[in-house]
Amino acid sequence: MKLPFQSTFFMALGLLVAVLAPFGISSKFQLDVLTLIFFTAYLGQSWNILGGYAGQFSFGGVMFFGTGAYTSSILLSSFGLPPIIGIFAAIFMGALLGLVVGYLSFRSGLRGSYFALITLAFAELLRVLANSVEFTGGGVGLFLSYAPGLYNLQFTSPTGFYYFSLILLVISLAIAMWLEHSRFGAQLVAIRENEDAAEALGVDTLKCKIYAIMIMGGMGGAAGTFYAQKYLYIDPPISYSIALSVEMLLVTIVGGMGTVFGPLIGSFVLHTVNEIARHFISTPGLSLIVYGFILIVIISYLPNGLIGLFRKTQKNKEDNDA
Amino acid sequence: MFSVTLSLLPAGIINGLMFGAIYALVALGLTLIYGVLHIINFAHGAMLMLALYSAYFLFKILNIDPYISILIVTPASYVFGYTIYRWGIGRLSGGRDQNILLITLGLSIILENSALFFFTGDQQTISLPYSYESFDLGFLYLSYPKLISFVASLVICVLLWMLMTLTDLGKAIRAVAKERDGARLVGIDVEHVFAVTFGIGVACLGAAGCMLLPIFYVDPYTGNMFVIIAFTIVVLGGMGSIVGALLGGFIIGVTESVGGLLLGESLGQIGISLIFILILIFKPTGIFGSKV
Amino acid sequence: MMLEVKSLTKRFGGLVAVSDVDLDVAKGEIVSLIGPNGAGKTTLFASIAGFLKPDEGEVILNGTSITKLKPHKICKQGMVRTFQITQPFATLNTLENIMIGAYANTSNKPLAKSNAERVAEIVGMTSLLYQTADGLTVAARKRLELARALATDPQLLLLDEVMAGLNPTEIDEIVDVIKGIRDTGITIFLIEHVMKAVVNLSDRTYVLNDGKLIAHGTPNSIASDPAVIEAYLGHGAAKTMARG
């Protein structure tokens, strides 16, 4: 793929700044916020692949995250498998779950709101299951022991997790960029815009949608391992939380669906709003009220998200150069 | 152990039917809105939560019995629903159906967290003078609140059914549901009818909230569990079907109660999501077909 | 035979939209399908192209049955349809729209792009390449339907009323385009209302009425067939006309 010089330059610059950031930022707190921004952007990107590019909105995206978190954590606590390998098992299980959910829902022709709701139900189902069976630790949850080291994907300083999240973010951006320049990505967009027409023109819509949800699932799985190793504790409400499902779609919609940098921009803006709000009033719920309003306003007046404000002319130019 | 469970079964079924009637009322609001407006109101649960809080504060501050509050909260909910549709959702909607889903998701986030902000996250319950009095069925004691809620829910369902089938308003609503453009041509104010329908749907929640409070609790997240329950009932009964919502409510109520009995408190909840998934995958038109 | 349809029936509940239809299209032909509104033409196309499951009958493309195949598979086998009600990828531009068709044969982006540009030139859309589809005129959208289908490199094109809503000049242009496409060796089966174009273009014509084929022949013989006049002009029309 060929990228125009200008974009390549700015992306390289951005990456350089991100890599050097820990040397300039002395506050652990700020580094943690950045880590969170990258992590949410990464999860948002996983939602974006199925929701933004392929147009299949999910309300239960957290299910892949939770399944990944349990996979690597159980492998670690019960079998002693180090998370640096466990994360690949988490990716595998996330993708496998995506295959199952995608096959069942898309094959029966579910779209639109029905698909969104069935993913919510799948996430609920898994939460109840995780709560009820023994090998997940049930309602008590799983505690992981603190043993820093690369093979455990645990780090003594916030800088370690910062780089971990940065790597996840860069991978997710690379996947989105590949989509923008590949046949597969174009076919996903075609499905989003008009599924019948896509099918008529030779797009295997069922297969494409299943691949998309599998990519989403694999990405979510890795995020689960990240979370478990960072916080060393997971339980069913955390692993399958509706709030995280909402956050994934929120950052993406606010930033701009179906774009490479939308989830990152959305995550950056929303977390910043959140931190500022927390600075003034520390009552629970306030920032989420603001999020709710932002979501409604964006859906109603800015369907292309914040990125749509200044990207309009840019897009056509880039595509024509490609 | 098994025989103990078995002997509890009739009680479980009765208990399920009691809750089922209220579930039906909640689902009725959702299915009505879907059947006429073809939109899915994700804020349904949050609006129920609001009704529960209304009944709660009417009781705490003015000492009004929740069953009396029905007469206040139901019309107030109607006005709330009418307003929020006419000058909110209706204006902002348009485009893909997922957009409405997202807008009502935004609304539910706002309502839920406003409740958290103003009322804190604590669970609230009330106890009525007759909370612990009960009716002897022979094999179980049925508390008066449950019994009253059950009967009142059924009465409201029947009233709603009569409203939809016997009145001019009901006819107008059904005309709009079937042929919105045709209805517009013959001079029906479609936007008004939409808002009225949305109002009626939310009014169902107002009544349901009052009847749920004495036998349940309220916190900012109460709505969440009811969203899935209501959606399950609606897909089970067929989107837009009033009779389907009623039957679906009973089925889900009993499934939940009996499932909890047989599988235990925790795993028992699995029944609802599982039914929801299976119905969507294998019979998306619902078991009882779909119409308003 | 390129395409053979054998006793195809399609029902919607009680309504028999297509009833026991037999027809065929030979390689290199332009065959048309005409009939009054609601006759079942679009339904027949959709059943042939895999969008609807026929209740009875068989569809055979190049000797192999495609009755149970999904549309994308049928497209890969060389048959592609257009939609009467245009179905553009609304937020994509003309070039990107056509590229989706071109991607049916290659996963290489530059190749898909150059194929799409070539097709755009054939249908006369070169000046509209970077226009988003939701901003195109009706005429341009019809061309876009044609272009996208053509970009899949088909052997057989099913065109559903690509001339409806166009003015006479635009019709003449698209008739030339279709002839040009045929000259490159692509077989064409089209639904059309514009009689002048039907006569001008087609080698053979089928007439569908109330789901049943009522006539078949050269366009000129069809135009004087009493059954056809009856179908179009209503009860008793043929007799009246015969009396002069």
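By letter and in written order, the chains are A, B and C; residue numbering begins at 1 in each of them.
Here, a residue touches a chain if its C-beta (ideal position, glycine included) is under 8 Å from a C-beta of that chain, and two chains touch if they have at least 3 such contacts.
Treat the numbers as computed from the prediction; the structure is a model and nothing was measured.
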Average the CA atoms of each chain to get its centre, and name the chain whose centre is farthest from that of chain A. C
Identify the chain whose mean C-alpha position lies nearest to the mean of all protein C-alpha atoms shown. A
Please work out the Cα centroid separation of chain A and chain C, and write it as a whole number of Å. 43
Suppose each chain is reduced to the average of its Cα coordinates; what separation in Å results between chain B and chain C? 49
Here the gap between chain A and chain B, centre to centre from mean Cα coordinates and rounded to Å, is 33
Touching residues on chain B, where the partner in the complex is chain A: 40, 92, 95-103, 105-110, 112-117, 121, 220, 224, 228, 231-232, 263-264, 266-267, 269-270, 272-274, 276-277, 280-282, 284
Contact footprint of chain A on chain C as seen in their complex: 49, 51, 70-73, 75-76, 80-83, 87-93, 96, 99-101, 103-104, 106-109, 112, 130, 148-149, 151-152
In their complex, what parts of chain A are in touch with chain C? 1, 181-184, 186-187, 189-190, 193-194, 196-206, 316, 319-320, 322
Would you tell me which residues of chain A are touching chain B in their complex? 57, 59, 104-105, 108-110, 112-114, 116-118, 120-122, 124-125, 128-129, 131-132, 138-139, 242, 246, 249, 253, 283-286, 288-289, 291-293, 295-296, 299-300, 303
